[in-house]
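This report concerns only the one structure given below.
Residue numbering begins at 1 within each chain, and the chains themselves are lettered A, B, C and D in the order written.
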Amino acid sequence: MAAKLKTAVLGASGYSGLELTRLLERHPRLERPILMRRENGDGTKDLAEIFPELSGNGGYQLRPLSWTELKSQGVQLLFLATPHEASRALVPEAIAQGLRVIDLSGAWRLKQERHSAIYSFEDADAITASELTDQAVYGLPELHTDQIASAQLVANPGCYATSVILALAPLLRARVIDLDRGIISDSKSGVSGAGKSPSPHTHFVSVADNLSAYSLFTHRHVGEMVEQLGLSDSELTFTPHLLPIPRGILSTIYVRLNRPMTAREVESCLREFYSGKTWVRVFPTPKLPQVHYSLHTNYCDLGFCLAEDGQRLILVSCIDNLLKGAAGQAVQNMNVMYGWDEREGLH
Amino acid sequence: MAAKLKTAVLGASGYSGLELTRLLERHPRLERPILMRRENGDGTKDLAEIFPELSGNGGYQLRPLSWTELKSQGVQLLFLATPHEASRALVPEAIAQGLRVIDLSGAWRLKQERHSAIYSFEDADAITASELTDQAVYGLPELHTDQIASAQLVANPGCYATSVILALAPLLRARVIDLDRGIISDSKSGVSGAGKSPSPHTHFVSVADNLSAYSLFTHRHVGEMVEQLGLSDSELTFTPHLLPIPRGILSTIYVRLNRPMTAREVESCLREFYSGKTWVRVFPTPKLPQVHYSLHTNYCDLGFCLAEDGQRLILVSCIDNLLKGAAGQAVQNMNVMYGWDEREGLH
Amino acid sequence: MAAKLKTAVLGASGYSGLELTRLLERHPRLERPILMRRENGDGTKDLAEIFPELSGNGGYQLRPLSWTELKSQGVQLLFLATPHEASRALVPEAIAQGLRVIDLSGAWRLKQERHSAIYSFEDADAITASELTDQAVYGLPELHTDQIASAQLVANPGCYATSVILALAPLLRARVIDLDRGIISDSKSGVSGAGKSPSPHTHFVSVADNLSAYSLFTHRHVGEMVEQLGLSDSELTFTPHLLPIPRGILSTIYVRLNRPMTAREVESCLREFYSGKTWVRVFPTPKLPQVHYSLHTNYCDLGFCLAEDGQRLILVSCIDNLLKGAAGQAVQNMNVMYGWDEREGLH
Amino acid sequence: MAAKLKTAVLGASGYSGLELTRLLERHPRLERPILMRRENGDGTKDLAEIFPELSGNGGYQLRPLSWTELKSQGVQLLFLATPHEASRALVPEAIAQGLRVIDLSGAWRLKQERHSAIYSFEDADAITASELTDQAVYGLPELHTDQIASAQLVANPGCYATSVILALAPLLRARVIDLDRGIISDSKSGVSGAGKSPSPHTHFVSVADNLSAYSLFTHRHVGEMVEQLGLSDSELTFTPHLLPIPRGILSTIYVRLNRPMTAREVESCLREFYSGKTWVRVFPTPKLPQVHYSLHTNYCDLGFCLAEDGQRLILVSCIDNLLKGAAGQAVQNMNVMYGWDEREGLH
């Protein structure tokens, strides 16, 4: 077998970062990843301090970020699980150092113009940032395999965006959706999607036995969805909700077909689009995915139900927000970037 | 003060029946309700057997149903918290006995024709059943106060139906919704809405950490919604979901206005419609209701968010499915039927 | 009916404070309570800002604390739902102003010496503080009715302490416990017991699907327990656990009897002790209380199971930590202080 | 690499059986396991019918149990995840067929005499059953490695028993516990421990927001604990509780040492006992395990806290009841039986 790849993770102390670290650790093509922390991060020195479940495996030391060390250790691929401001600031240097980068934040997912509008944030070096934005590949392997394979900078998609784009892409590609009627995604996410920082909104007593809608018409992930799906802003209405569960996303998506179809045709459309794609499972109607089914896996599960009129169509899309919605997808992207089987390290 | 009303409850051993019993017990206008059980019910003899939380208040004996006893005890109002088949079979006799009836099941909510289509069920005496169906008043006091006041048979609305109808009635009355675009209600309910019978679907391990959609395009409550709102079947798409919480409903409702409106206009429309109605709270935009806020109350909480285009409108409607969605609404109906303040016994 | 009592609450923005506010609002003997906030509190100006469920009842304005205003409004009884440092600092002035005080914190529950050891905190005026400590009555009405009736300062018990003391008091009074063997209380509490401040320990993702033990041998409530029960420190081992539920406490308590007894004798011992006490329910063996049964009530539910040897005894004690463990008990104490029925305002 | 082992599973449709199937499937030393169902089982024909999360991996067909087929397929090891009555009836034939057996039920864990007392059940062939009972090895690899290695019939331990025995074995072996004082294990388990059959006790609404104690002094697992630990029945008090979580066990165990010890000594005692044992993690005091840490792993996590007197000791022991408490331990036993590394297939 070939020499193992050297990787590093910056930001392992968040939920996605932890999940990523665990996946990388047991990936058969990799050496044990180097874990690094930002100077102004949360000060964690060993991951097991904040995730005691990690104890007993020789420690998970977080070293201060050092480009010199990355180079001397022979690291070729850097994962960033940092806030988008940090990613925006660090990626230019990483690329300049010759590293390939998979960034899990929203920093590089959008075209420059939309990015500026959504993430009100100034780049230190606007020209480089703009060039990198052009270069960055949106890391949804089911849509962009070839570009990811050769990318130096991969922008790992948002969790909600993954669940919505994968459900809609086949039907939009087939041009069977009546866009004048608009598309609605009513999405529900577990709390890990809101991050690990304590806040009144993530307090157990606020979340348990509750459900709430938030960021109506204004959630940042809408930008990714419309860009990737080629929609105008007003063609997609997206409403996220906070579920009293630790992890998992279910999106219930409402579209109107521009001509009556049969359930068989809809199913074929989905199946053909994802033929040969390991990580999307299409459920035969009337079976629908539930959050449980894809939990702790890298699957995106898709199901649907068609009204008797053959035109009102409801899609149901489920993922684990920390896996297919973050760390699992990052590993899948790595597999594509290095020409490995997409399943490696993800069973 | 006038003599207290005598009431009886049949079916107190379900979730709604228990909640109803508790409300009736402390209602200032009532004597302690008589609790009865059907011969082919679950055999419970004292409610405290299955709800030990009731112990210590003199017992909650369930006597076998007896019309003679109801008459001799001077009972005037009978609550049925029974399955719809049982309600359909028992109400004719109750009405013949001169009782007023509030039925919490789906037995009398729909016009005869739709009823036959949705509840595939034959009546023993089809003529009487059909006449009673005509007589029955849909017990949503915010819409039908006067009819409820004089009704002999009140059909207490379904829980989902309550949350959806109350959100949409004002805008439909104002004729500002573009019906050609269709209305979508993506609704989510706690598990008590599924009843107390154990099943694989209500097993803790199936529900916890999960979310699932069910009965797409086929849920029975759609019948009530379209009838009460004057919609055609295809104008309303309703998708229920099972939430990992014991109680509470949140409906996220998507409509398109037939002309651009301001948030202020939308809010006025809602506020004016519910002016003087105690049990509907309209939240000022951008504040949205959450399941928590109406839990353990009889409130229906309404909020909304309008897109920048002034036409895409999202309504959020929350109720406690066991109160405004069942037992609380039944008590509110009783208050209307006897000319009492709608708030009595519901604080 | 006599004129209604005027009361005020300081600290209504915490979980216990909110629950207390709700109870006081509908208490038939009271005017609507005045809500006040500390200068260095959390800045809330209207309770409905942080508890939107309160909206629609005329507002819950929090005014800055002012002794002048309390006096001019004719307030006679002040409830403090503040951190213990704040209570310790404010009570001397409140008493000097002639107010009666019910304090929900740990500030006045312990004898001076133990207090200094457990709450490492210096009083501004040590002499006054020490005198008030002597005067303060431990507000467990089942044990100290007469003293509470005439108290000026009532120290409302801790939630864990309430569940443990009420379970053990009858058997200790009857001198049937073998103290040489030690008493163990393995207690489990919902998250509201940890307060409303967000922290990593109360984050939904940390608590859900989890259980953890904490403060082994060192929890502050042990002080109250041993003082009230007349035990030495080493005779009681108390272990609290954090449950993934919003509210409720269950204590499983292990004792050894100093002679074999029958279950009937044990039950009699409990029943006689609590004869005439509304708010303690003794369950007939083998029925045991569960957290559910006392939730949203002011009951302390007690049950037990005796080993075949007649000496190993397990007591199970349940309360709602925000009611019998905090706000409900405070109202019960008020009822005793003013000679009202202990049930008033607590159904 | 040697030829892969052929295994079969009977009873894959329960929670433990599903978990076991998943583990066996990706175990590097095994061929894909054959799944079989009993004639009077639940009729499932493909596991994916009841566990749709399994879809997309070529199916999980359950064939009718057939000794002929097991033989012709070359199966050498049979896992039984069946009710204890079924295991008791089937094992004699399996052994007669020359199969090695790992049984996950309680059928073969106890000495004959105790078994008859606890499981009131008559064997068809009492002599064979009694002989097999003598032969059966209690499958706790940390205690009985050598016997398991050569066993034909391994009785996989109960979940509660695993958590309690592993915590106590080191200290009992070291004879430092004062047995006259008695040992108490207050244990709490997630709902999957109660099995997959729907019942009022496992209904979501009964479990959520609740906690209850059950089977006081009478739980079947006590038999295993006292036998394995060499205790008399009265020396161990065991109280199980039902937690509102899907999986995980935490046992809080109270012992008194027969002489004052230091925390260091206690830790050494635990560490030495488990030196070289992969699947037990000893936490350095004052760090304590939580349910979360061992979830979805095969670890048993042990921690402790010692009172200042050096004699009152509290042990905290956590496992995932479906892994170290059932399926994971079964795989660990298989690893020992075939001389493989205990970690194989369990990362």
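Basically, a contact is a pair of C-beta atoms (placed from the backbone, for glycine too) under 8 Å apart; a residue touches a chain by one contact, two chains touch by 3 or more.
Everything numeric in this text was worked out from a predicted model, so none of it was measured.
Asker: Going by the touch criterion stated earlier, list every chain that contacts subunit B and also contacts subunit C.
Answerer: Per touch definition, common to subunit B and subunit C: A, D.
Asker: Quick check on subunit A against subunit B: do more than half of the interface residue numbers occur in both copies, making it same, or fewer, making it different?
Answerer: same
Asker: Cα centroid separation between subunit B and subunit D, in whole Å?
Answerer: Between these chains, centre-to-centre, one finds 47 Å.
Asker: When the C-alpha atoms of subunit C and subunit D are each averaged to a single point, how far apart are the two points in Å?
Answerer: 40
Asker: Going through subunit C residue by residue, note those that touch at least 2 other chains and give them in order.
Answerer: Within subunit C, residues 206, 208-209, 244-247, 290, 292, 295 contact more than one other chain.
Asker: Would you pull the subunit B residues touching subunit A in the complex into a rising list?
Answerer: 181-182, 184, 186, 188, 190, 206, 208-214, 216-217, 234, 237, 239, 241, 243-248, 250, 252, 254, 256, 286, 288, 290-292, 295, 305, 307-309, 312, 314, 316
Asker: Would you mind writing out the residues of subunit D in touch with subunit A in their complex?
Answerer: Residues of subunit D touching subunit A: 26, 52-53, 55-56, 208-209, 281, 283, 287, 289-290, 292-297, 299, 347.
Asker: Which residues of subunit C touch subunit A once you look at their complex with the stated criterion?
Answerer: Touching subunit A from subunit C are residues 15, 50, 191-192, 196, 198-200, 202-209, 244-247.
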